[in-house]
Amino acid sequence: MNGYGLAEQYSGISNQRRGTKVMDSALIPNGVRRCSLDKFLVALAVVGAVLLWGVYAMLLCWFKGLNQTNMNDNYGFALWIWADLAVIALGGGAFFTGFLKYIIAKDELKNIINYAVLIGFICYSSALLILAIDIGQPLRGWFIFWHANVHSMLTEVAFCLSCYFMVLTIEYIPLILENRQIDRVPFFHHLSHNMHSTMAVFAATGAFLSFFHQGSLGGVAGVLFGRPFAYREGLFIWPWTFFLFTWSAAAYGPCFTLMVTRITEAISGKKLVKDNVVELLAKISGWMMTTYIIAKIIDTFYWANVTAPSKGFNLIDFYSNNGFYGIWILVLEIVLGGIVPAAILITDKGRKSPIARNTAFVLAVIGVSVNRWVMVLQVMAVPIMTFDTWALYFPSWQEVATTILPVAYGIMLIMISYRYLPIFPQEAELNPAD
Amino acid sequence: MFPFNFEWIWDMSHVVFMGGLWYALTILGIGMTYCVVKSTIDAAKDDGGHH
Amino acid sequence: MKQEHGGVVTQKYGMVVDLDLCTGCGSCMVACMAENNVPFREDETDKLKSITWMRVYKLTNGKHYPETDICYLPRPCQHCEGSHGHSPCVSVCPATATDYDNQTGIVSQIYTRCFGCRYCMGACPYHARYFNWYDPIWPEGMERYLNPNVSPRMRGVVEKCSFCFHRYQAAKDKAHLDGQKEIDEDAYQTACTQACPAGAITFGDLDNPNHAVHELKKQPDTFRLLEKLGTNTKVYYVSSREWVRRAGDNYLKTEGLKKAVL
Amino acid sequence: MSEIDDKTQAVSEKAVSSTQGQGREDGGSGGVIILFFIVGLVASLVVGWVLFPKLLYSQKKQPIDFNHTLHNTLVGNGCESCHSFREDGSYSGVPKLAQCIECHEEVQSSNPEEIRFVEQYVKKGIEVPWLVYARQPDCVFFSHAAHVKAAKMDCATCHGPIGESESMKPYQQNRITGYSRDIWGENIGGFKKNTWDRMKMDDCSECHQKKKVVVGSVQTQKEGCFVCHK
Amino acid sequence: MKIDRRSFLSLGVGVAAGTALSPLPWKLTDDLSIWTQNWPWTPVPEIGESSFVNSVCTLCPGGCGISVRKVEDRGVKIEGMKGHPVNQGGICALGLSGLQLLYGPTRIKTPLKRVGKRGDGQWAKISWDEAISEITEKLDGLRTSGNSHTVAGIAGSRHGTVSQLFSRFLTAFGSPNFFHTPSIADTYQLALQHMNGVSAAPGFDLENADFILSFGCGLLEGWGSPVRMFKANTGWKKAKARVIQIESRLSRTAAKSDRWIAIIPGSEAALALGVAHVLIKEMLYNKDFVDNYANGFESFVTDNGEIKKGFKQTVLEEYSPETVSRVTGIDPSAIILLAREFANAKAPLALCGKGQGKVPGSLNEAMSVHALNALVGSINRKGGVFPIPAMEVQGWAEVGMDTITSAGMNQPRIDGTPPNSLGYINQLPSAILSGKGYPLNVLFVLESNPLYTMADSKTVKDAFDKIPFVVSLSSFMDETAQYADIVMPNHIYLERLEDAPTPMGYNKSIISLSKPVFKPRLNTKHAGDTLILLAKGLGGGVAEAFPWKNFEACFEQAMGDKMKTLKKNGFWVDSDAVLPDWESTFNTPSGKFQFAPVEFSPGFAPIKIEGDSTFQLLLIPYETMRLSCGYIANPPFLTKTVEDTILKQNDCFIEINPKTAQSNQLSEGDVVVLQTPRGQARVRVHLEEGIMPDMVALPRGLGHTAHDGYIANKGINVNHLIGPVQDPVSGMDAAWGIRAKLSKA
């Protein structure tokens, strides 16, 4: 590698700044424009400050214990686990887009797959980080692997999550290797090339793993036969929520990818992905959502009329006598967060209208997040013994900060990746350099 | 996790579950090894070709 | 009705709690805390963070003055058998830190194995599981009263009632020394049973006709908590008051009270 | 490491740029690379297998150098003469001073260790702070009665031939866990030859599985966890 | 050979491979997780030989036998003693928490002398010799100046050897001012004195009664001997005996009773007489007893020639169900039904003494209830009430009276009661503050905490301010010890030799032996020994009255021949006592039971409690087994069992009927100011259907300001809000509540 001479040339404090700038521009992909380094660093610092706040809260949780949170014995699972489930559902765009691209061979999607992978990588690394904070004994976290109980849905989640994170890393690596400077190293150049050519195998493994861990996350709640609000009958060892979660992650994940793409476009002020790509993914997502929401409605009906009454509950018991969980939440989840975006995205007109399309993405993201919220927090809140009361909880700042931490980390990773890696293959074409 | 772990039993659950796990890990392992080895060879080839 | 399991006699320990006798005095709770090294802090009024393996609930009939009525219900871990030992909590624990033992019918909790994911707490409809949100610290000198038969827990793990299993172990030790194969009914009693000044709690092997619980659980006014969930618990309750029995489970408005399944 | 290149340098062909880079830095020979690999490998193996255990364990001397062999010849009932069961079935473990005094009220021999024992402990009525090699952590319940009385096992099966020792080996304590080294075993890799070489959970379970004591656990189809945990 | 970055890379790969192949990372991972399983700040209890030592619990007057489990010299658990006649193996929550008191931070470690302002908690550690000599010097001065009577003592009880030794100390010193913490037992004793003509405590044969009519007694709230009451209650349930609870609040007793009858508090005597009315009117009373063994049923002529209305006439004229209904708020038909059931029971028994019986209460009420028992013949018979003669110490020689002693003893008591009376501590503060009699110079406080337990704490504190020298012999840094000038810490109950006398209401004379289960762990001294040392320090006649070398000798002499049994069994029961019959046991002038003692006539003179009509609500204190409200403060375990509808963080809750709350525009959890004529406090609202409208209830046992962080500053001490109310008949405190009002904070 060729750094020695230059390092000498640019040594000296007065030259340091210039050197940094040169280094920065050398890393930026060819043929694209990026904002000034100063602007970039300021933005990075702002997000970094938020990240540090989150890190501080995280350290508090690790060193002082989970008393730093507002979780309690009724709310053993709270904000974090919701964030975990939501982030994994939203990161589902990666596996599903990969599945479509590599297995179903929807080739247009190559123009968005990089970003889908990056978002997935962020989501899954965040999920693992949150889990590491959430457990009471982080230094014993590896017991879940070593002393695994294969009957536990959480074991399945942990295994598949970790494996799938490996897949995402494998998918993300070639992207890093495509950096202008790294690519100059022959080994890395070839590695990138070879990994691309075997990607279908990795993507298939990823899809397989995702199917199971998304499902097991649904199973986490569905198998709780002591919690009639969550409990579902199912197929063999899998409760219906297992399939619903997989299906919804596949359906809603791409919406999140598309939403983040749109936000990136808005911030960078550039069109990054062509409309036909967006519309294709939106269409597939829309149909997935449609089928999912039908299944979800059937599930809700069956649960409300058969499962819950067999345990002595009426549907309304789960949505009354408390200050938060009203029937509105069911409407928000199914109608606003399900039927409406699905309806927009399966119609040509809806897909073609940027406003309608973007609204659908946002609604979809809300819809799936509400679903995950309900399946985690409402499960904990509903009283089961007749002499129990509703438990409501409000997160502590430490919980909020540690939940924002991955968001800040994600933004930083996107900023850096976008600046230095050729994430959007169509960018140069759509934004020709003058 | 491994058959020598205290919790391990040779039953359906373990074989299916852990089987799936090791299957996935094996694919990832072989895939990555293949990529690394092939890239090393490719890089060496480039090198040789140039001299 | 004793079951032979691999040539060894198995037991199914359980409790029958007479709610007509229980006065809600709290002795069982304190006996449990004292026996099992349950920690405490200066402020224990947040009951959602306060560890009491045995908790006495106050039930009311929901009627207005002066028709209102109160009943107290002590709730230890119910040691659910579920179906074939798959209690709500046991099958969900990812690290095998909690387990159902067919030999005694007791749901174990291994604190040093638990890594604090709290999934089991989410699974338990009885709130019988408690998380150590805080480091258990005893004021200087007070750690002297700690019982060496029960290991104090550390911050970040789940704990719960063990039916005073260490007392079973102690009874076994004595039986081994005396060359006996089985232990007597009164050789193994939980701390709460022993302390209850009203004698409301009876403990023993539910399957053993020589133990008092065997007959007591068959009383006509017996019920178990949340039977419809299929948790198949080993703690039976008795009450002569119908509203109390009905409070043991959820019923649709149209439903009548069902008899406990024995 | 930084890869700095002049921006003006043309890098349109990836292959070209990479060969350039390669060409410039290719100076090390294959032999050196392999040598460095081996140096790194061997060094870290030495650190891990030799140095690490030395650092990990602290060495403590027993307060008195006790001679088991000598005592064994003087008592009638083997180990149980001193390590006895209490009436409630619990095991007394290391004898208390009161038990030693039965013989050692006065100095019996010219052995300096015995003289020290009598002077420092017996006369002053202070318990000897023995360091117990086999002490399990607080979370473990172990029933000596079940093993010695019911299963009629030999002490040596778990404790080894300590009864034939003439001198007390140093007590090694893990600096991180506080455990005695005998729990993990003398071998840092955890390998063992004899039944008494290690006292970890797996070692207990190994024997229990062989003996097929009871199979009660739903999860492990072995013995219930509470059999050994408290 | 050229070393470049690739060589270093290679070295790194080698190191990584070697490390992975060495045990280092794996063992470290494992050890780190094991480290979390053995955190050095998580205590590991020491193992050792386990043993049980029997003793008796004296945390309350219940006198339960306990069995303390020890591991080597540590106490690890307190259990009920099997075979003890009082508690039969059972134990209450407070008794179970005893070791927290033994090892807890509220213990006083060494004698202390105040250095800062009173109550500031600034102390200098002093030696026992210094403490003794400082006090004897002061006492000697008072004695030689003829002011021996200006020394007073407050004891937790008037029974038991230590209390009697304390009383003896004051007598020998020359002061008549011995006070004790009173209870319903004192009122009962007076009732028995007047009606049965005996000086005795009441024994209730609860176990054999089949119909229990309880006038607000907290039978399951710690009344009498708590564990015995739980056992009795279980017996009643099994024998299908019926319990009727007359109380304004759905207490645990009321909840467990067969019928809860809500009553306007303070009108219990009226109800008792209303029931008597029906019994007499419907001729349901025991004619044999009334005709042959009782006096004063019919009107009679006194020695002075006055015609005195008999019980029958009074009751028939003034206590018809309708009249009584107006006062009590109970339906007339309910009263009639109650009377018929009471009369038809085989062994009916009426009881009084609200809550735990901590307040002596109205003598009228006690006598009315006692009369009710008499009407059905439940006096001196199985399942009834009979006298248990007080056990005086036999073995000690009479106190020799030198001139100073007799001069001092001839002074009137400071509370104005006759020299040999029980003394009324409730009148002590006002007596001190009024400045009418003589000033108090020294006050000794033993096993009691008047600054916390006495009604109207502020006035009590004002009175204490007037006493220049206060000596506490408490084991704990309680409110009174905190306010003392010198603290001479007593051994805690598990460390000392002592006797537990017959508990209140127990139906046999019994003494249980409290013996030192543990060696004293702090620099404390047995209060008995402290008293002996003080007496010896004073020399002369005082020392002569204390001839023992230590308390143990004194105790053995006091126990006499019972000592052997006590040592063997842990308790001594008067098994020779025969059940008194109706013929020979009434020691009244007539030799018969007195329905209408000449001095009194059972009637309903309601105790007027404080507060005018601007206070629209009634505040009543209530007691619970989960809160220790006497001298012993709540240990952490017990506080842990207190519901969050009683205490939340540092706020305590008032119970109020939802209807009353609604009319005051209050809802659950609201913060309000509770105001009474005696004071005000910030509390929170808890809606409770089980309380009469227009009332609020506050638990006793909260609101400590001293002790440690586990006890202090939790809730409100109800004694800040209520004042003592003097019973016009007996002079004892008869307050059952106070008028109050609520305003939003």
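Letters A, B, C, D and E name the chains as they come in the text, with residue numbers starting at 1 for each one.
What we mean here is this: a contact is a pair of C-beta atoms (placed from the backbone, for glycine too) under 8 Å apart; a residue touches a chain by one contact, two chains touch by 3 or more.
As the structure is a computational prediction, the values presented were derived from the model and not from experiment.
Taking the definition of touch as given, a chain qualifies here only if it contacts chain B and chain E alike; those chains are A, D.
Taking each chain's centre as the mean of its CA atoms, E is the chain most distant from chain B.
Interface comparison, B-D versus C-E: the pair with the greater number of contacting C-beta pairs is C-E. Using CA-based centroids throughout, the chain positioned farthest away from chain A is E. When every chain is represented by the mean of its C-alpha atoms, the one lying closest to the mean of all protein C-alpha atoms is C.
With centres taken as mean Cα positions, chain D sits 37 Å from chain C.
Measuring from the averaged C-alpha position of chain A to that of chain E gives a distance of 63 Å. Rounded to whole angstrom units, the spacing between the C-alpha centres of chain D and chain E is 56. Taking each chain's centre as the average of its CA atoms, chain B and chain C sit 47 Å apart. Within chain E, residues 5, 32, 35-37, 44-45, 47 each touch two or more of the remaining chains.
Shared interface positions of chain A, i.e. residues touching 2 or more other chains, are given as 1, 137, 140, 143, 147-149, 151, 155, 186, 189. Shared interface positions of chain D, i.e. residues touching 2 or more other chains, are given as 1, 15, 18-19, 22, 25, 88, 90, 137-139, 219-220. Contact residues on chain D toward chain C in their complex (touch as defined above): 85, 87-90, 137-139, 141, 143, 145-146, 149-150, 212, 214-220, 223-227, 229-230.
Against chain A, the residues of chain C that register as touching in their complex are 46, 48-49, 57-59, 73, 82, 86, 88, 91-97, 113-119, 121-127, 129-135, 154-158, 225-226, 228-231, 246-252, 255.
Across the complex, chain B meets chain A through its residues 1, 5-7, 13-14, 17-18, 20-21, 24-25, 27-28, 31-32, 34-36, 38-40, 42-43, 46-47. Residues 145-151, 155-156, 159, 163, 166-167, 170, 186-191, 193-195, 198, 201-202, 205, 208-209, 212 of chain A touch chain B in their complex. Across the complex, chain E meets chain C through its residues 36-37, 39, 41-48, 71, 74-80, 87, 89-93, 96-97, 99-100, 102-105, 220, 226-227, 230-231, 233-234, 237, 250, 252, 255-256, 260, 262, 625-626, 636-644, 647-650, 657-659, 689-693, 708-710.
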